[in-house]
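Two complexes come next, and they have one chain in common, chain A, joined by chain B in the first and chain C in the second.
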Partner chain A sequence: MTDASSAQPLPQRLPERPPAAAEDPSWLQIVWGQFKKRKIPYYSMWGVFGLFLIAVYAPVFISNKPFVWNGGDGLEFPWLTTLFNRNTYENAIDIFFNSLLLPGTLLIVPVAVVWRRTAGRPRRARIAARQRAMLGAFGAWAVALVALLAFPLQAPTPVYPEVEATLEAAGTPVTAVYAPVPYSYRGTDISKAMEGPSTEHLLGTDGAGSDVFARMVFGTRVSLTVGIFAVLLYITVGTVVGAVAGFFGGRLDTLLMRIVEVVICIPSLFLVLSVAAFIPERSIFHIMLIIAAVAWTGPARLVRAEFLRLRELDFVAAARASGFGKASIIFEEILPNALGPVLVSATFGVASAILVESTMSFLGLGDISVPSWGQILATGRQTSSWTLILAPGFAIFLTVSLLNLLGEGVRDALDPKLRS
Partner chain B sequence: MLQYAVKRILWMIPTFFMISLVVFVLINLAPGNPGQAGGAENGQSGQSVQSESVIFFKRQFNLDKPILVNTRTRLTQGEVRQLIVTARSVEGTPTPAQIIAAKDALEDYGNYLVRHLVALQADDANPDVRRLATSYLLTAATLSMTSETAGDAAAARDVNRERDAYNRVFRDWSCAAAAPPECVGETTAKWQAWWAENRSTYEYTAAETAWAFFFDTRFATYWRNLVHLDFGVSANSREPILDLVLGKLKYSVSLSLTAVMLAYLVAVPLGVYSAVRSGSRADTVLTAGLFVLYSLPTFFTGTVLLQLLSQGTPVKWFPTGDFQSQAAIPTTLGSLADIAWHLALPVATSTSVALAALSRYARTGVIDVIRADYIRTARAKGLEEPVVIIKHAVRNGMIPILTLLGGILPVLVSGSVVIEVVFNIPGMGQFLVESIGQRDYNAVMAVLLASAVLTLVGILFSDLSYALVDPRINLD
Partner chain C sequence: MTRLLQSGFGVGLLVLLVVIGAVNTAQLHNLEKKVAELETSPRPTVSGQKEGPPVAVVSTAQAGGSLCYSSDEEKLALQDEANVLKPFQYPPGWPSKIDRGGTLKRHVGQDPPGLNPIASNNAADLSELYRYMGARIAVQSQHNPDDWYPDLATKVTRSPDGLVYDVYLRKGAYWSKPTVDLSDPRHAWLAADHEVTADDYAFTIEMIKNPQVLGRAAALRTYVEALSRIEVVDTHHFRVHFTENLYINQPTLLDLEPMPRWLYMYDEDGRKFDDATWGDKQNSHWYNQKAIGAGAYNFVEWEPGVRIVIEKNERYHLNKCAPANFDRIEMKVLKDQQSWLRRLKTGELDYSHMQPQQFLAEVKDKQPYLGEEGLKLAVGDEASYFYIGWNQTRPQFQDKRVRKALSEALDRQGLVDSVFAGLGTITSGPFDQSNPCYDSSIAPLPYDLEDAKRLLDEAGWKDTDGDGTRDKMVDGKKVQFTFTMVIYGSSTEYETLARVYREALDRLGIKMTAQPLEWAAHLKKINERDFDAYTGAWVPSWEIDLYQIWHSTEADRPESSNYVSFRNADGDRIAEALRREFDETKRVDLCHQFHALVHDEQPYTFIYQRKRPVLYWDHMNTPIFSKLNPHRDARLFSFASLPDPAK
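For the complex of A and B:
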């Protein structure tokens, strides 16, 4: 190669450089791109999302309230009017998911509109507009949820299939459009207890004659709620404790880490079971609290280790030199950089919280008022019914393994060494 | 090394104390009254017979004492008067919840009430309050009997005889509501005379106040007994808890240890094979299979195995539960075989949990090492591949696995709850679940503390073994 030929291409290459308007990928975009490269975690994420959709839209497929009802007194829409009725959906978990189902779904529309309209705008303006739209939608949903929880509707509702039978026996024509599975997970029918799978009851019935398929699907709501909320709770507590211990160090650190050591030494399942058992009328919220109370030590240790590493770095020194307050150095400067490992452990944490909850209800120490997979499996074991063993077992296995695969994907995506 | 070990063992004492504090407070603070739960079996509440047995139950299990700190020496006469008028609805109309709370408080405060009751009895303006103070005084001054079923029965009987003699003096010093007015005057006079004699017992000096503050509590009493290795008696069977737990421990530990050993025996070769063949089809299949095992909940695996192999759908090869056969088996070998036959399924279930996690770690450990320079050097020297793998790679790759031992033992002990319940093995886990069901606080505490000790020992063991194996780690 001569000097001339090697010097020649240079000026031609220049225009190929990306135009200044193009955006550098953000950290999240890098991680997301990395995450998408691995197919199994990527599909697992969609699988988890699918479970979430099943949880939210469960009443659309399973409800003993007809969508449309005409018993001679004009058209009624019992499904819609009972969606937030505490006589139909007794538990706060159901009210929560139903609020995602109705106001939540409706709020997607304005967000999608804003999303589409801002697509062409420059990055900063686009992100600001989208954030406003999301915040607005979230706020509207939160207001709706708080209102629904604070002012419960409690009008008594008839058992429509029975009313229908009575009316038809009396010769009154009835129009009723039911969901594909016209049962409630709470409805019992002792005359039909422990039936095998049939076209009427897809997975048969349990000891009280409830439809197992309905209980399984609504069990998704319980499992996901326990998993996600318990983890949110303990991640928050653990992160704050770890951040404080790691940032300030010294005696405070020693004290906090001694406490962590003490909690770690108590076998968690034993403690969880014992505490749960001594709570009268325990609800699913107690169970989340108990799980959180023993599990916060994990993120606390992770965050502390990250803080010990990060607090010596130059950007923290720069923040100190600029006169930032301690709180803003901890929460605005260091914490965002320390959250990677926490995110990974949170994903695995959801899986193990779900396992703990199902173990508790399997041992009969869960919340008996909500449908839980562990509880169905316990019935299956007592009655030696294969359907009642395999269905919930498979559901737990599927949820847990999807979450574990997702967690592995997140871990690999966050690892800069594995970036290609 | 030795110095480090001793230091760590000494550190275990305060840690254990803190653990006991946390567990004790959590269990005792959980809403739900153990006194009511234990006494509920005796009949309906509100009856005097039942009430006495509840008081006895509470005193026997120290449930009348405050949990951590005792401020009862600071009670005032006004507070006591308020409790009496609330408990008996003498003045005003308290709610049922307030009445119950006041009655419980009067029962629990015991001796600490005496001096205020004496004062109330002597000079309260309301005659009803004077009469009630007298009757409460009788209960408060009465010494309670200790249990004769546990510990040194003869000594307990002597103590009880003495207390009974003391109590006998004022056995009938009270007046019913319908009693003539002179009765109140007479008994008051008797009590005042008694008080003049005994007042030093019921008036507290600063030292006594401080002592009561820390030491006349449930937690302190529990620890006083714990120092003598006395875990109390079971509220259910009245047998000493320590014997019960030690009896159960052998089942749980033999189950867990067998499972751990099996898991290591299988997991390490699997992990090494997987790592050496990293990326091959065999590795993919193994990794996927182990992932499935890892995500299966214990109670599901256990139930399925039980259903498949011992419930008769399709076969009945294994027993449905228990640790060994009821019938005695003459030879040692025979009884060992019998135990193995009984434990096959539970051990398999327990192993499967540990196996998946362990071999994943073994695989990563070896893969990390195989890329190291000294492995390349070993190959370059012309060593045979098996020698390179076993002598150079595996030895170093197994260090992280060894530390897992400390972590896995407590997990297995915890997991034994599920396995013992599913396979009906009379170990610690099943005992815990039973005790929880019967609200047997002493038993639950003992099981939790025993498992915490196991965990502490496990962690110590793994730290020490780490230092032994890895010369880079210097503990001193």
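For the complex of A and C:
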């Protein structure tokens, strides 16, 4: 290997560019422009966004806690007061989405205000102000979420429809305003098990008498969380491994790549199932970890390949010559340029993580305390109930297809050769 | 080394092989335990082969209730007043027409753990296989379990003090030939004919008592503790000495299945094992992947994961009264429950049982069944009961009021009606409901959340910190009422039960987490007492013995069956008295006392006693179900007409 940087003269500092009349489009703007040209990926993106909205706003439509309640002791707002109650929403996933629903939605307002006010400002100032606003909102939300998770609210919560029936039987008038679907995804009523679709239960009920529609909608939260978190996790690990291997090369590269090959050699579903069988109390977070543990090799290889290509380029040589440290060359100089393919594989990765989670739940290796599409599908298969097979099947198909189309769009938009 | 590293292929292959090997071993291990799933019997189950009319290709069989003697020797022996055996009788409902021959095609849920009836792990399918292939001293009557019919013995007498039994084996009962290539000179030493002799029984007892022998022997040993010595009088006569006259001695002895010394005492080349290590050699004996017996069928082959095949034994000693109903029985290993009914529909199986939810979805009220006119439904009673066990070493479950409250929080009738498809009856005690020991005047606790709340308050479990979960100070530490329940992982029924129960407990202020586990992991947790609560099932044997599950000494013994650590002085007293009581009325009275005690203590929350639906093709006679075994007992099944071989 020859060291190209030592042979070349130091690059000279370029003079400041004269300010352009119209702003040059940034890299992101170019990609966005390319992306928008392809209609199917563009609409798929909105479809995925729609799924995300459904996940966030699920409790607005589906909740067995009334928005307004008056059982004779004055007005109460159980829906609001139980939104972060761990006795109502026991899973951290729900708390996460509920935190997006309430503080999250409210925080859009200040960001939007800043956005409008800064519209006319010069680019640098505008971007800086908007970034500050978004960072502030994100920070506020993150603090709220951490606080909610660290100090869980845990008041006992009555089953309101039953209290209502009791009170009315006793002659007390009750005022209660419920969400359009007044069920919880975990509520059971075995006297109504395995009912077909009706106006009362849109998609019928499952073996425990739970409302399948409610479980399906809350299942969106589980699927998206598993997809996104598992992918974030393995992308991070894979990127670091790939970057280190690609940048340093030599023995370290050989060693890391052999490890990667060994992991790839193991059939992943096999590994997932074996590992799952050894975890005594599986939660949905274990499942994300397991998925991440088998999938990190993909981005590692991608990033390594990119690094092998990029490290020979002039800008890296320039950075070396300027005396940047290795860490900053890797993470500040090369990595941003290597992330394109990773972004593409991440979108596909979300889809496949959702499939793996569904498969595990389907095989009874999921977390039974969370509503999962795979679990509904398994019930459907065992009971030969068409709604229980078709509804989750369609949901998985839709989500995975949208994500794959989105991924293809991102790949095309990032590819300079395809730019017209 | 670097080259080796760089050849990722080589390293990858190596690691892959290691991983596959490890996973394979783990799976095999899982399977072994999984097979034990149904074999939850407190005592190794009973058997023999004895129901059937005389040999004929097409015959009009004897009506149920008629007697049959296999030989004059047997008839003479049964005339002896001292003989504890009874003449063979056909069970009620025995079909009037049996078309003998053909191949019975059925399925088993998993591979057996091995085929050595003593040294392999205890497993339902294994003990069932030996019910067809093996022979016992006597056979317990299916319809009158107090009666035992002659099998290998024609006469068994008992001394007045009950401490000595004399067993007279019949002449002309032969071991089947080992399933090896006898033309191979290496196996020439196995070619000779061998009669079943008293010495084989001496060997069997030596084997059970030898602590080196693992597997099922460990469970059997607790039943032969009082058996002190076996004395071979002559080839066909042996005497068994007991130290104490216990009720279980006689059924345990009569149910004993012999092991051929001439086979298991030797290695594959015919060299005898030495006296110090022969017990250990049994655990990995060269013949453990094959089987041998002296019963109605001979072993043909076991293809792991595919099938087990047995075929009719032409010189079976009971061929006159209870010959094999089929020329061959083929047991397909079908691990995927969903495939059972599909294979039945295509004619790959002659009959199949099914899970409650499958029954509900595909069979109940859906005639013709699976769209086939030729399929019929039979629902059999089963002696098994299902329960939730509470670990009484945990602070949450030490108070009986709490355990009562937990029982009252489970809507058992609702679950049986919906989740278990109405296939069973809720139960209140640890006995089969058709056994006189079951006190039907004790009704199961009702589903009553209000009363459960009251009981929990009374026991001191209250939500003192307002977090929605009950708590209590135990030994100066605040304990929250949360627990984990281990459930059968392979069944949606139990997952649904857990979800329903969880919601009910949530209303009581108790947080329950369900943990579905594969059977192997499930069993491991229970054996190691590493659980708060678990779902389980027992198949109580007809002769009630309370020691194994309920006696406090068993709670101290590791890996014993008193998983929940039930310790009760009254319970111990009743268990001890019952072992020594022979009077039926007094025994029933003791059982009823125990039933009342268990109902009051609720060491288990008894769920229900199961019924098993079976779909069968109309070329079969209506199946007769065994009351004694939880399994589909193919000895009681027969063809009304031979199935079309083309199908």
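Please note the rule applied: the second predicted complex is superposed on the first by the 400 of 420 C-alpha atoms of A that agree within 3 Å, B and C clash if a C-alpha of one lies under 4 Å from a C-alpha of the other, contacts with A are read in each partner's own complex, and residues count from 1 in each chain.
Definition applied: a contact is a pair of C-beta atoms (placed from the backbone, for glycine too) under 8 Å apart; a residue touches a chain by one contact, two chains touch by 3 or more.
Small disclaimer: the values here were computed from a predicted structure and weren't measured.
When the two complexes are overlaid on their common chain A, residue A:188 makes contact with chain C while staying clear of chain B.
Touch criterion met: A:154 reaches chain C, while chain B stays clear of it.
Legend: residue contacts after superposition of the two complexes on their common chain; A:374 is shown touching chain B, with no touch to chain C.
With both structures placed on the common chain, the touch criterion links A:87 to chain C but leaves chain B unconnected. Legend: residue contacts after superposition of the two complexes on their common chain; A:265 is shown touching both chain B and chain C.
Shared-chain residue A:104: touches no atom of chain B or chain C. Of the two partner chains placed by superposition, chain B and chain C are both touched by A:274. Of the two partner chains placed around the shared chain by superposition, chain C is the only one that A:210 touches, whereas chain B remains out of contact.
Using the contact criterion defined above for the overlaid structures, shared-chain residue A:384 touches chain B and also reaches chain C. For the contact definition in use here, the residues of chain A common to its chain B contact set and its chain C contact set are 258, 261-262, 264-266, 270-271, 274, 277, 280, 381, 384.
Taken together, the chain A residues at the contact with chain C in this complex read 87, 154-157, 159, 186-188, 190-191, 193-194, 206-210, 251, 254-255, 257-258, 261-262, 264-266, 270-271, 274, 277, 280-282, 364, 368-369, 378-379, 381-385.
Within the complex formed with chain A, the chain B residues making contact are 15, 18-19, 22-23, 26-27, 30-32, 34, 291-292, 294-300, 303-304, 306-307, 311, 313, 410-411, 413-415, 417-418, 421-422, 432-433, 436-437, 439, 444, 447-448, 451-452, 454-456, 459. Interface residues of chain C, counted against chain A in their complex, comprise 2, 5-6, 8-9, 11-13, 15-16, 19, 23, 26, 338, 355, 357-358, 360-362, 411, 414-415, 417-419, 463, 466-469, 484, 489-490, 492-493, 495-496, 498-500, 502-503, 506-507, 509, 513-516, 518, 521. Those residues of chain A that touch chain B in the complex are listed here as 258-259, 261-271, 273-275, 277-280, 351, 355, 358-359, 362-363, 365, 374, 377, 380-381, 384, 386, 389-390, 392-393, 396-397, 400-401, 404-405.
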